[in-house]
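Both complexes below contain subunit A, partnered by subunit B and then by subunit C.
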Partner chain A sequence: MPLGVKIAWSLVGVLVAIAYGLVIAGIIRKVMARIQGRIGPPVWQQFIDLGKVIFQRTATRHGWMFYLAPIFRAGGGIGLYLLVPVVIGVPALSNFSFDGDLLLVMYFIFFGSLGMALGAADSGHPHSPIGISRGLSQMTAYELPFALAMVAMAAEVHSFSIHDIIMVQQGGILHWNILTNPLAAIAAFIAFLGMNMYAPFNIVGAPQEIPVGPPTEYNSVFLSLMMSGRAILAVAKIVLYMDLFLGGAHSILEAFVKTFIIYFWSVFVGAVFPRFRTEQAVRFFLGWPTVAGIAGVLLVLIR
Partner chain B sequence: MDTKPQSTLPVLVEPPRGAEPHAPLGRGYFLGETRRQQPLPMRESLAKIKNWFRANSLWVMAYGTGCGGIELRPLTTARFDFERFGMAMRPTARQSNVLIISGYLAVKSLKRVIRAYEQMPSPKWVVGLGSCTINGGMYWDSYNTINRLDLYLPVDIYIAGCMPRPEALLAGFGELMAMIKRGEANGWNHYLENFDWYKENQKKVINDWNMPDYNW
Partner chain C sequence: MISKLPIFGLAAVVARIAVPTLATAAGSLSAAHLLGWLGGLTAFGMTLLAVFQEDMKKLLAYSSVGQVGYVVLAMALMTPLGWTAALYYAVNHFLFKGLLFLAVAGVIYRTGVRTFADVGGLIRRMPASFIAVLIGIIALAGVPPLSGFAGKWLLYEALMDKGWLFLTAFMMFASVIAFLYCFRLIHSIFLGQLKDEHRQVREAPWPLLLAELLMIVPILVLSVRPRVLVEPLQHLVTGVFGVPGVRFASATTMTTSFGYFNAAAMMAMVVVLVVVLLVILVTAGAKPTKVNQLDIVYSGELPPSPEEVQYAWAFYRPYEKAFAPLLKARVTAFWNGVVDVVEGIADAGRRFYTGNAQTYVLYSVLFILVLAAFGLAR
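And then the complex of A and B:
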């Protein structure tokens, strides 16, 4: 496939991923409302919110880092999505996967948060640095089980290529990494809870505590960039998890079903748990999820 | 007190084109808009689309000034659930479109309300909740509350009662949405056009005015 066509397909994929992420967020709002006994907003409410936010006029003026941060946020999401193959064997949907992309993916997952930290610090609102300091301390904590799980996956196939990791899992459900290396999977899926920032790990936004945390000063187009960046980052993460643990996908439908299940693991946990304090969350991630991650690596080594 | 000057604005929620911007209007009023004497038909239909989006995604500033704030809680929870109309509470002024003045408004709170209102991004609406915002209600002779909210902030819709029930609030919000869709709820333009008049009224009651004239 020529490079130009591939780039065009990837751009289409980015737009579809943003739309899918917004629909998922809408379904989450609906599910949360039903759990609380409410009717809840329509599923397409996120699109209306996004449109409304774009049509707002901003009146804020801050340093240039404030304006760059939403771009970092969206860029981190898009960059992550472009590195992860979505459907196996379809060149149009395998994006720009290459040997060693797992290392770059591990960087891109946290890229948006770091850019956000710089921008939020520039906004000057006291809630922003508080949210950022909470978020970064939680991030350093869940990064450990996540990185250990990634190391276990890479050690298993002696390769840092996501494509190789998918190919090892072909040939039935028993070959999926979630069953061949359950310990690493546990570590990764617990880290996934921290990454998605639903309860009990929603200490960054922390409703009723530090109202919305880092994006307190953001409005209009900046907020819309952050909303779409968040949507595509969520989709990219679940696609990555599908590739690493659930054997990838052979069709778009399979990809939708698997990613949906992965994402709603964090939503259903989030719907029933209260919030951790920051130090409790850090202590939690450095506890048995990290031990599970180390055991997952050892499992690969002794096998 | 003076009577409120009548608005001379066109029907669209878009700012009136051709009007000279007032000194503090530079931002939040004509921002990104080219000024024209006559709005083009395409711009008019675009304004209708924008208004539909704005009406179906009202983000309410989570700020209660008086006892009426107690009626906003059942509105968000299971029984009256206003999220089904696309509304949500936002804890920051930068992301909210609707400011609810819920009940009596002390002069001390008025100062904060003005700051919050002026920090909200531009298509924004004020809802006066309860009779205290209309004529002072049971606090009409109080020494530290204002009687007519209309003199200090441009109110788009009043919901009368002491206190109005959540059903009345939902009806009021439904009317506000219809007004936004019709392009009639343009109080924020009125505020900017009659900025001097509002500032004069505000400074009459706020004695310790230790903030800038316009809070960005």
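And then the complex of A and C:
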């Protein structure tokens, strides 16, 4: 497939992923509202919000580094999505995943987080560094169970290639990694809760305390890029989890169903549990989820 | 960059002595594994200590010790890939840590302070130093697209290839902790609120900036083409092991038995994304008005002064709390114990020196009496 066609398909994929991410966020607001006994906003509320911030008549900015946060947040999300194959065997939907393996994908997750941290901190608002300090602390903690799970997955097939990890899971639901190595899957799915920053791990944004956290000072087009970036980052992560644990997808419909289920695991947990403080979250991740991850790696070693 | 010298010494010694014995004796193999864990624990422990430093140079010093831990670990792998990783890491660390030390030296030279809480917002006065530190920390953190990622990639591939699975995950964990001090370093010095006494600070002197540039250029070259460095290292490693660790699938794609990575494609993707998004940001929507430093949303109050608004002291307090049982208590208790013992001995010795001449006369008389008693006893 020529590079130009590939880029065009990827662009379509990116736009669809952003829209899908926004719809998911809208459904989450609806679900949360229903759980709390409210009617809630319509499912397409996120699009209305996005339009509102884009067409704001005034905008403010701080230093030139202020521009970096939206760019890195959106670039990190889009880049991550481009490195993960979406549908098996369809070159148009495998993006640029042959340019890097699972390690690159794992590190690209940080690209957006660090870039956003730098840009947001330039605003000079104390809520930004407070939120970043919490966010980075939490990130290091869920990285340990996550890394153990990734190592278990890669050791199983003796490859860091996401394609190889998908291919070994073909041939029915019993071959999926979530069933062949349930311990590593437990570690990874608990780490996923921390990654998504819903309750109990939402101290980073901490509503009612440091409103929205790092992006406090952002407005207008800056904020719209951040919202889109967050939407596609969420989609990229669930696609990655689908590839690693649920055997990838053979059609776009299958991809939608599987990613939706993965995402709502964190939403339902978030709806029920109260918030952890930072040090509690750190200790939580370094406790039982890490033990599960170690057991997952041992499972690979003894097989 | 003297800290790298022992690494090359270690390499030279191990290359001549240990490698031949390794093939025959199973005992020396476990010694290598022990060395690997020693390197891994150094990397983890020192990285964690660096996170809680309040002094710029101390932070960088702890970070350097931790980075050498990675190199020792990679060396201990005793595989061609591991050695390629170790040597690449050592050279790369020399570049970015040199850059960071130079840039931070510029800040200390101009401001006269080296505690994080005493600076802040210097990006407005020292933009060139800021960019140097930015490149340095991205390379240090190993975040794509800069040269640090290739080092991390080689290390993890080598660890997995060897089958040291737990060390792989442990090093991934330690590497992420490094993000904490990287952000601390750049935020507390350059971002946030500029203090009133630093409004007239000038950019670092040009010889320093020139030296920084000499470090930045190779970092950028390695970021796009790690092959420039990996290939000569391969020759060295092949000389020891007889086989190369990394293969080149194309001009820019490196492959190992475990994975693949195309540095140039990565860089191209990042550059395209950043340029496109920047164009969107600048052209779309209302034209943003630049506001003053203290014009922030401040819960309906007026922000008092830059000192009070800047969040810099004890930046990772919750993290410190989380790790308190692991680190703080033991290390501090150990050194407190050492201090107590030394003080106790010194205090016991001090009691003899009362400062009173009559006591000293008494000591002399007692000493003579003791000598006399010995003489009589014989």
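Definition applied: the second predicted complex is superposed on the first by the 298 of 303 C-alpha atoms of A that agree within 3 Å, B and C clash if a C-alpha of one lies under 4 Å from a C-alpha of the other, contacts with A are read in each partner's own complex, and residues count from 1 in each chain.
In this text, a contact is a pair of C-beta atoms (placed from the backbone, for glycine too) under 8 Å apart; a residue touches a chain by one contact, two chains touch by 3 or more.
These numbers were taken from a predicted model, which means no experiment stands behind them.
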**Prompt:** Should A:220 be classified as contacting the first partner (subunit B), the second (subunit C), both, or neither?
**Reply:** both
**Item:** Partner contacting more residues of subunit A (subunit B vs subunit C)
**Value:** C
**Prompt:** Counting only touches as set out at the top, which of subunit B and subunit C does A:212 meet: first, second, both, neither?
**Reply:** first
**Message:** After the superposition on A, what does A:36 contact: first (subunit B), second (subunit C), both or neither?
**Reply:** first
**Which of subunit B and subunit C A:48 touches, first, second, both or neither** = first
**Asked** Counting only touches as set out at the top, which of subunit B and subunit C does A:134 meet: first, second, both, neither?
**Response** second
**Message:** Between subunit B and subunit C, whom does A:303 touch in the aligned arrangement: first, second, both, or neither?
**Reply:** neither
**Asked** Looking at the overlay, does A:57 come into contact with subunit B only (first), subunit C only (second), both, or neither?
**Response** both
**Request:** Jot down the residues of subunit A that show up as touching in both complexes, subunit B in one and subunit C in the other.
**Result:** 55-61, 216-217, 220
**Request:** Give every residue of subunit A touching subunit C within the complex, in rising order.
**Result:** 54-63, 65, 67, 70-72, 74-75, 78-79, 82, 96, 98-104, 106-108, 110-111, 114, 117-118, 121-126, 129-130, 132-134, 136-137, 139-141, 143-144, 147-148, 150-152, 154-155, 158-161, 216-217, 220-222, 224-225, 277-280, 282-283, 286, 293-294, 297, 300-301
**Prompt:** Which of the residues in subunit C end up touching subunit A in this complex?
**Reply:** 121, 123-124, 134, 138, 141-144, 149, 152-153, 156-157, 160, 163, 165-166, 168-169, 172-173, 176-177, 179-180, 182-183, 186-187, 191-193, 253, 257-262, 265-266, 269-270, 273-274, 277-278, 280-281, 284-291, 293-298, 309-312, 315-316, 318-319, 321-323
**Prompt:** Which residues, counting only subunit B, touch subunit A once they are in their complex?
**Reply:** 27-29, 31-32, 50, 53-54, 56-57, 62, 77-78, 81, 83-86, 88, 90-92, 94-95, 97, 119, 121-123, 216
**Message:** Residue numbers of subunit A touching subunit B in their complex, please.
**Reply:** 29, 33, 36-42, 45, 48-49, 51-52, 55-61, 207, 211-212, 215-220, 223
